[in-house]
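Just below is one structure, and these are the notes that go with it.
Just so it is clear, A, B, C, D, E and F label the chains in written order, and each chain counts residues from 1 on its own.
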Amino acid sequence: MAGRVDEFNEFRARMNQRILETDNKPVKRFFGVDTLTYEPGALDVRTKEMLGLVASMVLRCDDCVSYHVQRCKEEGVSDPELYDIFSVALVVGGSIVIPHMRRAVAFLDELNEKKRQ
Amino acid sequence: MAGRVDEFNEFRARMNQRILETDNKPVKRFFGVDTLTYEPGALDVRTKEMLGLVASMVLRCDDCVSYHVQRCKEEGVSDPELYDIFSVALVVGGSIVIPHMRRAVAFLDELNEKKRQ
Amino acid sequence: MAGRVDEFNEFRARMNQRILETDNKPVKRFFGVDTLTYEPGALDVRTKEMLGLVASMVLRCDDCVSYHVQRCKEEGVSDPELYDIFSVALVVGGSIVIPHMRRAVAFLDELNEKKRQ
Amino acid sequence: MAGRVDEFNEFRARMNQRILETDNKPVKRFFGVDTLTYEPGALDVRTKEMLGLVASMVLRCDDCVSYHVQRCKEEGVSDPELYDIFSVALVVGGSIVIPHMRRAVAFLDELNEKKRQ
Amino acid sequence: MAGRVDEFNEFRARMNQRILETDNKPVKRFFGVDTLTYEPGALDVRTKEMLGLVASMVLRCDDCVSYHVQRCKEEGVSDPELYDIFSVALVVGGSIVIPHMRRAVAFLDELNEKKRQ
Amino acid sequence: MAGRVDEFNEFRARMNQRILETDNKPVKRFFGVDTLTYEPGALDVRTKEMLGLVASMVLRCDDCVSYHVQRCKEEGVSDPELYDIFSVALVVGGSIVIPHMRRAVAFLDELNEKKRQ
């Protein structure tokens, strides 16, 4: 799993750019709405990112989980708070969430390791 | 949809009691963990209920959505905040979330109506 | 199931209007992208509606299925073509699609019955 | 929920017949494979019906759950065994399975009631 | 991702053969129905493959997406048409479809690259 | 795929330990209930593991499938019985289960190979 953070971010950025080069309007607009959704509204960005994380986790999307774990950290969500989010995902979504939680914790450990360096 | 709130709460309470009468240990313990998960931890109850709501919505479980909408209201989540939660569910989970959102809004309207009476 | 078509259309229209009255921007924009997606592009409307139907069916969203069955009929998709769409949904999504197919056929029968009147 | 058992069985039988009247070959063959799957093989019918029940429950298909609960009872699966199946579904699939479990227990209660009469 | 196309096709072919060597009848028959479903019916093969692609994408099955992207190309579906299919999948299935779309586009790019050589 | 069995077991054990080091109570209790669920009850361990396998397969969780295939083998479930479980998963969950079945069979082949050595 070494270097999963950089590899994930590089592939994500490259392919998103590749997708947005096309002239498919609904796809472009969808990406726009996606960005808009996490901007401050009645709820602040931090809460919205936590919502995005738990939603990604119960839907078992590893890449979405990685992205929102990273964003949550940037918004100052602490590790014990992240575990609370994981616990809601686990109870709502069941034991099939566990493998995704294992990968989320490995990803989080790598993020924390990078920060310490 | 008139009276959906009372009907839902009555059926839910009656069947939960019926289930907990059995002596199946894993089922009972699961219900215990489910309750524990929404108690205050690193995150407060209000935030946890919002997490439970968005998770229920992307997994498209009407009864779970009804339950968490009710709990969110009890924890002081405002209607514009609920719509922000709905918007995250909608963008993460796609247009198949819309029918559940329609029923969630109808349920919320009934809850608000009851309060005014 | 008598009158399911009218009841569905009435509730859908009323709640969509109710939702769009709010001033939640991401929700409104999402509804806009949803509409845009089924407008003519590289593929025509008829094909897009067939895609919307099969996607709704494997995701097992009865209301979405009802909506797209109706739209497909308006775009001139024949009943044998609808059954071909159902067959793809059935094979890709498995026997859990069957109850939704039963309701889709009941809905389609009611639509055809209304037309004959 | 009174009469849900009869209503479910009547609608299921009527619509299955309606579907099999069509001449869509893949649909017909799929129904054939579905029947074949639950016939005795390396595993007996009773075990296969238990597998069908837990699979239906984690996929949250109420009609499939009702059908397999009924079949399990016919194959002599006891109520405590059914609760063991429910417990696996609950732990694997999470709290979103609970509303389906409530309806499964209500259905089972009605089945048991009918038997006593 | 270099060589993902060949690796995918090789593993798929080898394991399918391995599975069909067994004498489990329902499994074999299921594979037969799966093949039959995409043969010409009321809808032509091209349309059926597009339906298979969008269904695979909303169900977020990377291997199924790779397979149907390849088949669509063989049936003459153009890249702008593929993007229209992706847009329906994206709107129906939400932002959790995006990582699968990124991988689908990377796979498509590799397919187009191979053709040019 | 060489060595997938050892790699899977090593990562699973290491990350589970890592997760259980935290002091998040709901997560710990959930892991407890998960273990309890597969202990002998009205149904024996062997049957419960078969239920866990089919549930994991229709929910398309490769790691869960690997785990339960291994546990089933330990409980004396034969290969033809495993294929019967796969056939129920395939018919209930549809062709999107096929890629997971291919990986399950590859995993099973590796397990059988290790045993012969």
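One rule holds for everything that comes next: contacts are C-beta pairs under 8 Å (C-beta built on N, C-alpha and C of every residue); 3 or more make two chains touch, one makes a residue touch a chain.
Predicted, not measured: the structure shown is a model, and the values here were computed from it.
K.L.:
By label order, what chains touch subunit B and subunit E together?
P.N.:
The shared contacts of subunit B and subunit E, listed by label, come to A, C, D, F.
K.L.:
Following contacts chain by chain, what is the lowest number of steps it takes to reach subunit F starting at subunit D?
P.N.:
When the steps are counted carefully, the minimum from subunit D to subunit F is 1.
K.L.:
Is it true that over half of the residue numbers where subunit B touches subunit C are used by both copies, so same, or is it different?
P.N.:
Both copies touch with mostly different residues.
K.L.:
Report the inter-centroid distance (CA atoms only) between subunit D and subunit E in whole Å.
P.N.:
31
K.L.:
Could you give the separation in Å between the centres of subunit A and subunit F, each centre being the mean of its C-alpha atoms?
P.N.:
26
K.L.:
Two or more other chains in contact with one residue: find those residues in subunit A.
P.N.:
24, 26, 30, 33-34, 37, 41, 56, 58-59, 64, 80, 83-84, 87, 90-93, 95-96
K.L.:
Name the graph shape formed by the protein chains and their touching pairs; answer line, ring, star, complete or other.
P.N.:
Drawn as a graph, the chains make a fully connected set, so complete.
K.L.:
Taking the touch rule as given, give the residues of subunit B at its contact with subunit E in the complex, in rising order.
P.N.:
These residues of subunit B touch subunit E: 58, 90-97.
K.L.:
If we count contacts the way the header does, which residues on subunit B are in touch with subunit D in the complex?
P.N.:
My answer: residues 11-12, 15-16, 18-19, 22, 24, 26-27, 30, 34, 56, 59, 61-64.
K.L.:
Per the contact definition, I'd like the list of subunit F residues that touch subunit B in the complex.
P.N.:
The contact residues of subunit F facing subunit B are 24-26, 29-30, 32-33, 36-37, 41.
K.L.:
Which positions of subunit E touch subunit A when the two form their complex?
P.N.:
60, 80, 83-84, 86-87, 90-91, 95-96, 98-99, 101-103, 105-106, 109
K.L.:
Any idea which subunit F residues touch subunit D in the complex?
P.N.:
33-34, 37-38, 41-43, 47-48, 50-52, 54-59, 64, 78, 80-81, 83-85, 87-89, 91-93
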